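Across the two complexes that follow, subunit A remains constant while its partner is subunit B and subsequently subunit C.
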Partner chain A sequence: MAERGAPLLETRGVGMRFGGVKAVEDVDFRLEEGELRCLIGPNGAGKSTFFRCLTKQYQPTSGTVLLRGRDVTRAPTHAIARQGVGIKTQVPNVFDGLTVRENLRLAATARHRGRAIDEACDQAIERLSLKAIGGHRLDRLSHGQRQWVELAMVVTSRPALILLDEPTAGMTHAEVEHTAALIQELNRDSALIVVEHDMQFIRSIATGVTVFHQGRIFADGTAETIMRDPRVGEIYLGKRNLLS
Partner chain B sequence: MARVPLAIQLGAIALAGAAVIVALPSFIGYDTILQITLNFAFAILALSLGFVWGYAGIFSFGQAAFFGLGGYAYAAAAINFGDSTPAILIGVLLPALFALVLGYFVFYARLSSIYVAVITLVVTLILYKFMGQTAKPSYMIGNAMLGGYNGIPAIPPLNVPGRPDLFAGPEEMFVIAGLTALAVYIGLRVLLAARLGKIVVGMRENELRMELLGFDTRFYKLVAFVIAAAIAGLGGVMFANWNAFIDPHVFGLGFSAQPIIWVMIGGLGTLIGPILGAFILSTLSLELGTQKTIDINLILGLVFTVFVLLVPQGIIPTLRKFWTDRRPARDPDAGANASREASSHG
Partner chain C sequence: MAIAAIQILNTMASLALISLGLAVIFGMMRVMNFAHGELLMLGAYSVQFANAYGVNIWIAMFVVAPVVVGLIGILIERLVIRHLYGRMMDTLLATWGLSLFITGLVTMVFGNVTRGLSTPLGSFEIGGIRDSSYKFLIIGVTIALFVAIYAVLRHTRVGLIARATMDNPRQVGVMGINPGYVYTATFAVGAALTGLAGAIMAPLTGVLPTMGAAYIGKAFITVICGGDAIFAGTASAAVLFGLINQTTTILLTPEFGEVALLLGALLMLRILPSGLSSLFSRRAV
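This part shows the complex of A and B:
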């Protein structure tokens, strides 16, 4: 949007410690409106914890979080959502006892009233191609389908920022490709941060990459430069570079 | 289940239920009228817990306390005003207000559900102690003596608004309590079908997801808690009318455990279940109370234990499952787990 405005998301020195464990430390992160960024890093690097700090599932133990320049460091989870931040968590958080449509209706109830609820549902079903399974209960869906439903729930409120924590985990090859296409479709309306391990996938959505390591930002750059960076290859699986 | 529109379904239940309640006193004896009137008061209490626990997922040990507060508030107000109409309102509002304050501290502090259970229990027992030591004349509310463990006798009955001389006898009281229970049931069905009901059930199913979607779950828990307290208070008003007497045993441990047992036996996550549970157990304990050979609590405890072992889901969910399982499996999604379906058939 505005060229000279504050970034959509900015963190300054954000840290999260659990007793002696520094899960996230001194993270300065910036994301512009409409940007698509991938977050990578080895297991335990602090990616999910960073997301939890942004959505206040954890209250950061240090630092500041700004949304469009507004300090939201002390805002509770629901208020962050109301400011336009949606999240698909690493372990899907859905309503297992409800159908796909009921899940979406409930999600849409957060931000819409009356007719607009159904409209938001229809749109989300359309955008994520969920029509065929609209009447199915969530506990009967495949892992991949559950992730898409969760994504659709997030989409009902048309968030400015969508956080996706490992959206392709456990998906088949075809499902991964579909998800890549979905992410690019969603990126037309929203900025996204996507935690992802699959380099192939990251390249296919061609985006900026931020690398986390031991709770800190380790490197930043385009997908190509990050993948050729031998330091990144080392922390990641000990490979010389991520393409090998 | 056939997809009859909710409004028609509830309209039919309201009409049929009201007809039965109005007609019944002519066909049953005096003792039965009194017994069922008490069951209605208890059914309202059971509904309040069935809602807050079964749908909002808040395990409240304090529903009996709100019931007791409603009864006491009605008694004190009716004695002072000499007219039951404002007293009913106070009997509903006082427990609701109490729940608002208690719930604010509990939910906004984000205490975990086990603490909510413990705190509501502790508050109930404090009320028991407090009400028990109100025998001194200094504990007068206007003209009403709280009376310590002796309780408040001679509570004025319900009267036609503005006409204290036209008051309800046992048969009218039966009809009033019955229609009130019916209205609470229908009101809760409507509420569960509305926005608030969906939100509350969503919270029970996945609180974190609700917050991530932008719902302030603290607020909605508080709302559900206050509504349930108001309903329990209304039950207490009926109870205080039933034998024109109330004493601190409504705050006791034994009494507080009763609604929990009713809900578990009838079926958590339903509304009919708690009503049924209240009717069965309250009738049973009265029947058993007339004999002196065996301790009644022993038998009730035994009934409860056997029930939990044999029908752990409660009566209504078990019947529903039996019913859906027997039907030809046209829809593979029907059947299993019907009891916890978040759709709000009561």
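This part shows the complex of A and C:
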């Protein structure tokens, strides 16, 4: 049952262990409809693992995951996707043997039928300037191009909740700005959680920031307060604060 | 000469036809189905049985047999294959056991006797030599099936989902697609095609519980030698081995034809270890 006024996403005590390694531990997380949140934290903090616990690419070893108040802890990946959760993983996870357009069509079939599929693909191709490579197979593309295709796949399926894991990694300055604009545009219809390391980028898009450290939530707040928090600076880069 | 050409085409088509279902299942799911011969056998029994109970021969062949064997395929996938994905050796053993079980069961129920089924379509004559017109049916149906499968895979939503699952099975769930359904459907389609092939071959070979053993070797050779581009590969391997087999059969005897096919396959895998299709394609379909 969906509760009234329940947040879009809520986790209660979510944990993920790999053998003896506690990659994610006891995470209570809330995201409201329409929110845009950045997730930061040092390497190995558990950000990517947390994402995979949300999409059930990993089955969390403890805790509860709720989407709009509905318990989806046991739901498989495809059911989560159908409830409107889209993910762009850190390593581009695409269909190498298919063309760009076929990858987009596939993403679109999750949410659309018939003509709407082609329209959604056309829009994404237009929006992300992929026209020139529409017929190329993914294994012929550069790492950067594959990133854009995966972003386009998320755009095409228009999920209610979008998870982006380091979307700007390896991008040029102009591409980063392009991505920031895209994220804000996506945020008009969807809530987003974005894993990022680039503070400049975070400040240009974010309202809220959550800091992960050693699998746990370490701090929570606005971009400004988090960046001025000396404790965060220390765990993050050993710096006094993130603005220096 | 014309007769020889038709016979060679017929052998090529027969090889492709009996291998098609195996190619679907192996190509899409990387499952080595050792019960493939028994699925052919069940297709043959389905057409024979339905026909004996008064069902029109064409309906029995093109509808009853694929539907019956397709449903059996769903059962096999749900009860056995599903629990063994990614475990090639276990799947091989399990399907081998399954093939013994099905053969035993059919022997128990229908007895170890050969049942006949009259060959429809009569015969034709070129230059004083008579041959069965049924050969044209085999050639025509095989070509139609390959074209149809290619068209479905290339141009439909279902085909796109099938190719995506083949390409990156771990990622289709993220697209909202249930990989479990895709696998069940793929196995069912492979089984249905195999049932149809068995039904089409039934009038030529007769129907008996152990008939699967005669097919399984050839079907495996054809699919394996085809290589990664599973459909184009299977088709081209069938063309090559059909040519070798039938030419040798015409020049010498059918026994030599079989030996030549086997030698040809060994030689080919020696020269092209990743299959015939590695010559012309990097595509998976």
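Throughout what follows, the second predicted complex is superposed on the first by the 238 of 244 C-alpha atoms of A that agree within 3 Å, B and C clash if a C-alpha of one lies under 4 Å from a C-alpha of the other, contacts with A are read in each partner's own complex, and residues count from 1 in each chain.
Quick note on the criterion: a contact is a pair of C-beta atoms (placed from the backbone, for glycine too) under 8 Å apart; a residue touches a chain by one contact, two chains touch by 3 or more.
These numbers were taken from a predicted model, which means no experiment stands behind them.
S.K.: Following superposition onto subunit A, is the placement of subunit B relative to subunit C best described as a clash or a fit?
M.R.: clash
S.K.: Can A:136 be said to touch subunit B (first), subunit C (second), both, or neither?
M.R.: So A:136 only meets subunit B here.
S.K.: State whether A:170 touches subunit B only (first), subunit C only (second), both chains, or neither.
M.R.: The answer is neither, since A:170 touches no partner chain.
S.K.: With the two complexes superposed on chain A, say which partner A:82 touches: subunit B (first), subunit C (second), both, or neither.
M.R.: Touch status of A:82: both partners.
S.K.: State which residues of subunit A lie in both footprints, the one left by subunit B and the one left by subunit C.
M.R.: Comparing the two interfaces on subunit A, one with subunit B and one with subunit C, the shared residues are 55, 57, 76-79, 81-82, 86-87, 93-98, 102, 105-107, 109-111, 157.
S.K.: Enumerate the contact residues on subunit A facing subunit B in the complex.
M.R.: Against subunit B, the touching part of subunit A is residues 55, 57, 76-79, 81-82, 86-87, 89, 93-98, 102, 105-107, 109-111, 135-137, 139-140, 153, 157.
S.K.: Under the definition above, what is the set of subunit B residues touching subunit A in their complex?
M.R.: Result: residues 195, 198-199, 202, 205-206, 208-209, 211-217, 333, 337, 340-343 of subunit B touch subunit A.
S.K.: Across the complex, what residues on subunit A touch subunit C?
M.R.: Interface residues on the subunit A side: 55-57, 76-79, 81-82, 86-87, 93-98, 102, 105-107, 109-111, 157.
S.K.: Under the touch definition given earlier, write down the residues of subunit C that touch subunit A in their complex.
M.R.: 157, 160-161, 163-164, 166-168, 170-179, 283-284
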